[in-house]
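The following pair of complexes shares a single chain, chain A, combined with chain B in the former and chain C in the latter.
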Partner chain A sequence: MGAMTVDRADGRSVNQLRPLACSRNILHRAHGSARWSQGDTIVLAAVYGPKAGTKKGENPEKASIEVIWKPKTGQIGKLEKEYEMILKRTLQSICLMTIHPNTTTSIIVQVFGDDGALLPCAINASCAALVDAGIPLKHLAVAICCGFTEGGSVILDPTKAEEQKIQAFAYLVFPNSPLSVLPSAPSAEVDGPIENGIITSVTHGVMPVVDYFNCLERGRAACAKISEFHRRSLESQVPGDLTKAT
Partner chain B sequence: MAAASTSGSGRDIGGSGGGLAAGEMEVEAYRRLFPLPFYERHLLDSVRPDARPLHRARDTSIALGPVASADGSALVKIGDTTMLAAIKLEVMTPSADAPDEGSLAIEFHMPPICSPIVRPGRPAEVAPVVSKQLSDVILSSGMINLKELSLITGKAAWMAYLDIYCLNSDGSLFDASLLSAIAAFSHLQIPLVSLSDDGRVVAVSGDLLEDESTPELVNKERKLLLHSIPFSLTCILHKKYILADPTAEEESIMETSITVVLDSSERLVSIYKPGGPVLAHTSTVKDCIVLTKHRMKELQNILEESLSAMEVV
Partner chain C sequence: MPHHKLAAGIPCRICSLPFALPRSSAPTRSVPKETLTSEMNAETSDAPPTSLVDRTVVPGDTVLDLTAMASQTIKLGAGLRQDCDTISVMKAGKLRLSKPNKYWVESSHKRYVPCVEDTVLGIVVDCKPDNFLVDIKAPTLAFLPVLAFEGGTRRNIPKFEIGTLLYVRVVKANNSMNPELSCVDETGKASEFGQLKDGYMFETSTGLSRMLLSSPTCPVLEALGKSLSYEIAVGLNGRVWVNASSPSTVILVSNAIMNSESLSGVQQKIMVEKLMQRLQ
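And now, the complex of A and B:
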């Protein structure tokens, strides 16, 4: 693709993300909590669990996850229900569901600010909150929003104004790259390393198929950066702060 | 993973059950108790329990105009999944920021008739999600040009209420509901209206056209022109297998599904993969897109046949 410089309203380049900030252990009564912000999109996630019992209709042989999405303003409608379902299925794929069967882990997501890329921000916040709560996970889910403009270029992390103007955008979630202590075994994966697989993809708007794959490439590269940021913010937690009221 | 605890004992039962004469009962019990190993044995032979090859969708049929009182309706069956779509048109004043456009309201309902999981009084969790997905796909694909729904700029425009009822839920709900919405729009006959003396828009019945005093018609076009029609295919991913058009049983056992929607110029309208334990790599996504292209051709043929059958009558 020809590198077309797109003028973005806030002066970022096409590949530049907004400043990321993550703080954990904010709510003292929740088992885990995290606040994730990407520019002006701010989401707070709280984790309670595992609690005894599963909801009716859920498989009691596995742990189950319940997501409650609270918008910043307005009533709960179809959009919130859809986000709850996507978040639930994404988090179910990263949690180890067989460790605590017949339990429910609740994740409550509260939107503080919505300036584009809301669902990826919520997914990142929920993962940080799950880590803060100590729920066993296979790997983290790292989420990014890629937009596709009419000029044919892919922009990362669009703001709300940009989302409304561009032709199409995609929310993509990838696993973060594993850091292994063992020397890397010859990769048995035919399709490539694990961080290239897509956990979740939700697209809006029409785009040519080729450009979707471009979005995937850029999304993977950006997720590698976000995954580094995640790892650094998790490692910086001082051990003395881990005492919490339960 | 989840199957680890069951597949071990599953293999034991399979081994000892081989010598029993009561074949039919054993198979049904095995299917209920150990669904995942039951399916995996079929997948090794590239077939599914209903004898479909992995990439084939179920038999699809479209019936146009089952609801006589609606302006457009369609009944679509994909295998056992049955959807009834109906469109009613109403005249309303357009909004100030789009005075030359009509509007579209899409609603997806899952009444308790469709599945034992849906209880009266407790709406299905899937219903608002499918409803939103449908609205997004239909509006973003540009199939309906809202300007065609306009009657008098700034004063009157059509509001189209599209309601889709799931009558039987057996997997691939989104595919069947999208197809029923498209079929209903293809069948839609916009009623003739004219401006009455006091400035209101009233419906004109067909008989009045034969009178000498033909009222001045506001709209001449009776049918909507559908541009780039979107077609979809839902696939289930399990280890290295891709199963097209899953039934409800398959969807509940193998939880990773990916829905690809393409329009008639083969552009991507939507790729929807809401989580799931299996990761989709680029090759898997490409395979799903190829399967969707085949399915699109099948669906285009079926839709054209049913439209031409209707015109003959």
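And now, the complex of A and C:
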């Protein structure tokens, strides 16, 4: 594919993300909270739990998760229900559901600003809030939006104006890149960019299969950067070592 | 005793005994490893080449490779789980190691995970014929048997109303059952457990509670004790109860403790001095 430089309205290159900001423990009453912003898309997630008891249809041998999505304006409709369902399935796959059986964890997502890539921003905020609340997780979930333009190039983290113009886009959620004391697996290159797996993929519009795999590659590489940002923001919030051995 | 490699697993034993550490941390949970039967004493072996101890770890990080640690007993504390041949992290925090073999993740949250032998502050939410239901900020309510008091018989069951604050000890804590509490220590004496009357209770994080209970005495408590007289009960579940002769003293002590979470020892002393000056 010829390298087509796409002119983006805010002057970013095709692989450049908007500035990320994350702050934790902002709500006094919530057990865990985080505010995640990517440019002008800002989402606040609050986690309450685990609390005793499960809902009627849920399996009492496992913990259950409920998600409430609150849009910035307007009433709750089908789109919000769809977001809730996608968020619930994504978070169910990263939480360890067997640690606290017969409990419910509630996650409330409040949209402060929507300028494109809203669902990935909400997933990142919810994951940060779950970490802040101390819910046991298998690994973190890192989400990104990849757009596929008519010219055939893949742009990352499109704004709302760009989302309306492009041919197709995909929300992709990957597990984070972990630190490990194990020697790295030699088959990392053989498996390609998806060696750690993919958690969620939601696509809108029509794009060729080859370009979808191209999106996955770019998204995976960008998620490594977001994962690094997530780790650094956790490091800076660990309180001082007053309990260290003197 | 012959050291035999078992067919499916690795010759390494994960111990499930609870342990109490001088400062932070909670006792271990049991880690089932069905392939291990050999009774080997712990032999010290080399630590893994790169170690994540004393570094911030994030859920998903692998901190120990069990294939490299043959015939060792390892004790796991809060925030770690066994994932086939590795130990990985469940909660974000700082990884700690107490030589020779105890690992845990130190983190501070608003909720509490009950562990045996912890002392906590609970609030009564209901009275049943056999148990009091007590809220200790855990995923499930805890049970306090009506007979778990010094000299407790069916005739002198204490009458706790809903909302009573109690200083209790955790006796049983499994993830799948409600935790069980007691108002007596191991020997059967009451020893300060029971209802806390008067005073003021506020909620903080578990990390601050551990800091207040650390030894030597936490700087903020020492600085306050130099000029004020107060009594305090700290629960490992993030609840603190303060009592003093005058309300202004109670407010000053509570504010000093709540402000001291992110300060170093010297900063805490300075903060307490500033508060004392405003009182005079």
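What we mean here is this: the second predicted complex is superposed on the first by the 223 of 246 C-alpha atoms of A that agree within 3 Å, B and C clash if a C-alpha of one lies under 4 Å from a C-alpha of the other, contacts with A are read in each partner's own complex, and residues count from 1 in each chain.
Here is the rule we use: a residue touches a chain if its C-beta (ideal position, glycine included) is under 8 Å from a C-beta of that chain, and two chains touch if they have at least 3 such contacts.
Keep in mind it's a predicted model, so treat the numbers as computed, not measured.
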Chain B and chain C placed together on chain A: clash or fit? fit
| Partner chain in contact with A:Met97 - chain B first, chain C second, else both or neither | first
- Could you tell me if A:Val209 is touching chain B, chain C, both of them or neither one (first, second, both, neither)? first
Taking the superposition on A as described, I'd like to know which of chain B and chain C A:Glu235 touches: first, second, both or neither. second
Quick check for you: in the superposed arrangement, does A:Val131 touch first (chain B), second (chain C), both or neither? second
Query: Between chain B (first) and chain C (second), which, if any, makes contact with A:Gly57: first, second, both or neither?
result: first
Taking the CA centre of chain A as vertex, the centres of chain B and chain C subtend an angle, in steps of 10 degrees, of 120
Determine, under the contact definition given at the top, whether A:Pro175 touches first (chain B), second (chain C), both, or neither.
-> both
Minimum Cα separation between chain B and chain C after superposition, in Å, equals 10
Dual-contact residues of chain A (chain B, chain C) 175
Seen from chain B, its contact residues with chain A in the complex are 1-2, 4-5, 117, 125-126, 128-129, 131-133, 136, 140-142, 228, 255-256, 258, 262-263, 266-277, 279-285, 289
Seen from chain C, its contact residues with chain A in the complex are 22-24, 48-52, 56-65, 79, 81, 86, 88, 90-94, 106-111, 113, 139-141, 175-176, 207, 210-211, 214, 216, 218, 261-265
The residues of chain A that touch chain C in their complex are 31-32, 49-52, 96, 99-103, 131-134, 136-140, 175-176, 178-182, 230-231, 234-235, 238-243, 245-246
So, in the complex, the side of chain A touching chain B is made of residues 57, 61-62, 77-79, 81-82, 85-86, 88-93, 97-98, 168, 170, 173, 175, 191-192, 194, 196-209, 212-213, 216
